[in-house]
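Two complexes are shown next, each including subunit A; its partner changes from subunit B in the first to subunit C in the second.
Right after this comes the complex of A and B.
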């Protein structure tokens, strides 16, 4: 517990200035550019990286080149010799910094709303053979977002013209025209509950394919911006977990500069490299999506599974390194 | 000690760059260093925004990409055209649609205007693209014409005139002279008959000086005939009037040819 406390304080001491800098940068750039855009990603990365660096520099068993390494190894219990407490301290410090950043960023994030993908009934294609397509909704709708895939035209190119109806009532005065793939059409609705959306191909030669996210319904209910922002920023702890677990696994074989390079690389791959849930969570938050409805759980679980693998490897390497 | 020395060196370099050049000079080297690292991420965020978000966010991503690639006039034109002409994702009633289209056009023109300084020798091409954008936006959404001040034809001509003064080539000169009827119609709509006639005189003179056979001959004669009809000088000539009204290049002037 003392290791946890000491690591927490040390990591907080490193991460707090980074958090202050990040908060200032987010506020300034959001004011200047009228959008939180990619700045939230950079602002979240800085304190996380600082905290992970602090943990690896603080606890001697994260690297092979510390003077106190052998002494600490003898004085602490197996299997991790305090590494897990140090990592946990770092994660708690990071969590605290992320919450502070959430408070600073929340006023600049669009109000989150739940986005639900509407499920097509039957073959999800509008073409000459199937001119009508229905979607099961069963929820209140503020707007309907259509973004189908336009396939190769049958015969001479003529944009697909589509009529849209909600529960049998037309919601478009004139048919909507689709002539490009993933062309976005936003249909404002009055927030009433809709059971079914019906699309009817009026004319045109371009077949439209409505895949999983081609028809999205936006809820009229707004959620808390602060909560949405906090959830997105706390997802940043997932890459930090994996990076620290990797550092634990390689602690017996690598010196501190190598360890820190590994941690940085692991964080970059999982954030800027999009190999994990963090980048998607922050992007969705910046676009005004409500995270619990976005299906990020599989991605988070996969990252945590990788983390568990690294922790297992850490146990094995520590065991092998016993004299 | 080494860190202090490095920090002092950095400060001296920045101060020197600002003293002998500008802030842009000071930032050029770090920007050049960061660019290769940042570009793949900027492209990816643009692709992601284009595929999953709305056109406004895609245009913001495009602007960040363009900020990292100064001097890319074609890029500015492509992304501005895409935003201004195809950015109307929301289905609105005609009035609201026209207002939204006008807002998008003005944003795109402002961004392109801002980019002019970084485009160097391609500035004239960017200005010509801006003129094209105004025309295409009006053609795409005719409702924005009354919302624009000055009239779209006048705005486009100003941009082309600036392109010409910045070394725009024969294409810009020709386009400007062929666009005279629309500019003339805009002036007539505004009740400025004298300027419209002066414009036709000037255009005829410029056609004669252009050294392009088609402009100096047939097009100049057409413009002079139009001037005669508009000024009301000389006897009425119904044949000429019908001939002029039938000319698709003079379509904008048809309501004024009496």
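Right after this comes the complex of A and C.
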């Protein structure tokens, strides 16, 4: 029995009931509402929090009031005295729970497809001064999604009416109308390869700004729902890493209730507080995006960098605590 | 070669804010040979635990030096050679007793099979085999103490540092522990045990150190400290006439009859007899 194994079993014992509850909630609410909705976030949070709590309660060096803390510190090796094994055990238990949750949630998420932001050619604005705007695409398209920012109208308010064409062929019978900011318009395409999308402002007084993700084309190729869901849920391990690393760093100065409050706060800030990749990954998964094309890597890297900082702090505090 | 050697060792905990510094141990010298059992006595706060923590490498001395098996107490190789049993509950109380011992064996570098075998042997020795699959948090205080001692003995240590090893144990459990410690000492281990149980220290220890306010108030072997040089005689089974004859004989030999009382069993012996009967019934 090694520290990793013991922590893994212990964390799994805590996280499994939470996972069962989460799976049941996801399945029940998805059947009732016919969409995965926001429940995926809550369902993923519960097992992760349970596993992190179990790790901090199990390994005595996570808190100043752990039983026989010094005995464990003496028996285990520097610099982390088993904290890293306990954290790793918790993360592996969480990963297993996330995979179980992915299996339960996969039938209810939209089939994932790659989404590409179309790049505007020239000024990304449609207004009186520039009534035509083109986007470079160069890919097969199943859908075109437009979500521009509506700016202040020139003169009397009249919704902007826009004609949309793909490689010179109109794809709408009537001009589409925009009267609010970030109003989503989804235009189906037949899955053929499109080189260029052209927008033409027909009438209206509302200038439309097409920023980075205002025009998105959706690929006709479908990906695995299970894989997409699993990837999104495994991104939830990133906040868990940071929360456990923070607990490692503060283990020498805080008692268990404080540590658990810290872990909970760190998880909430990174998920509900959107300070990290987890919220975006789950939201994108629930909207049918294929994560590898979504550019989440910088956000994941930033969170892992923070984690590395906490681990370094843990190493220094443990070294300072040596007799 | 001394198993433990202490020269002018002192420990002072620095004051913080308005709290004054505390001198937990004042310059202390000590030598302990292999095979000796040292009982450290003293009131609460006299420095017993601090002394054990220094020897376990968990507390740096403020002045002086301590050597255990000719090495600095915090030398990594001593983790296996020197066992330390703290007061208080065992760690990882969510695991069962066997798992705690297996885990500790793993930390000592024992192979899995060896750790399993030793865990089972010590569980049986300390009569914990029936509870080996129960979570340690459900153990009674005495069972937890026995488990901690079993863990301490897993690595066949050459030095044992024990903080209240028999605290919370019933007489039978206490005797199990004392037997195990006696056996370790006979095999050459040096043992330092802090205790408040004077009778057990008297039964088990070869040496005694009495600490008071961090100073060594008294130290030496039990014979040196308690022996008067005279011999005593215990006689059992006499009636009144026999007592009178014995008293006269004793006085003729220059001795003195101190006390004459009706013969009865000690409570301890009664308890042991009862415990033995219950065990047989089980």
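Criterion: the second predicted complex is superposed on the first by the 322 of 323 C-alpha atoms of A that agree within 3 Å, B and C clash if a C-alpha of one lies under 4 Å from a C-alpha of the other, contacts with A are read in each partner's own complex, and residues count from 1 in each chain.
Note that a contact is a pair of C-beta atoms (placed from the backbone, for glycine too) under 8 Å apart; a residue touches a chain by one contact, two chains touch by 3 or more.
The structure presented is a predicted model; accordingly, all values stated were derived computationally and were not measured.
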Partner chain(s) touched by A:312 [first = subunit B, second = subunit C, both, neither]: neither
Touched partner set for A:121, first subunit B, second subunit C, both or neither: neither
Contacts of A:261 with subunit B and subunit C, given as first, second, both or neither: neither
Which superposed partner A:176 touches (first subunit B, second subunit C, both, neither): first
First (subunit B), second (subunit C), both or neither touched by A:35: first
Subunit A - residues contacting subunit B, complex: 33, 35, 37-38, 172-173, 176, 180, 182-188, 213, 272, 274, 283, 287
Touching residues on subunit C, where the partner in the complex is subunit A: 53, 56-60, 74, 79, 84-86, 88-95, 99, 102-104, 106-108, 115, 148
Touching residues (chain side subunit A, partner subunit C) in the complex: 1-3, 6, 10, 57-58, 60, 66-76, 322-323
Residue ranges of subunit B in contact with subunit A within the complex: 41, 44-45, 48, 50-55, 57, 60-61, 64, 86, 89-93
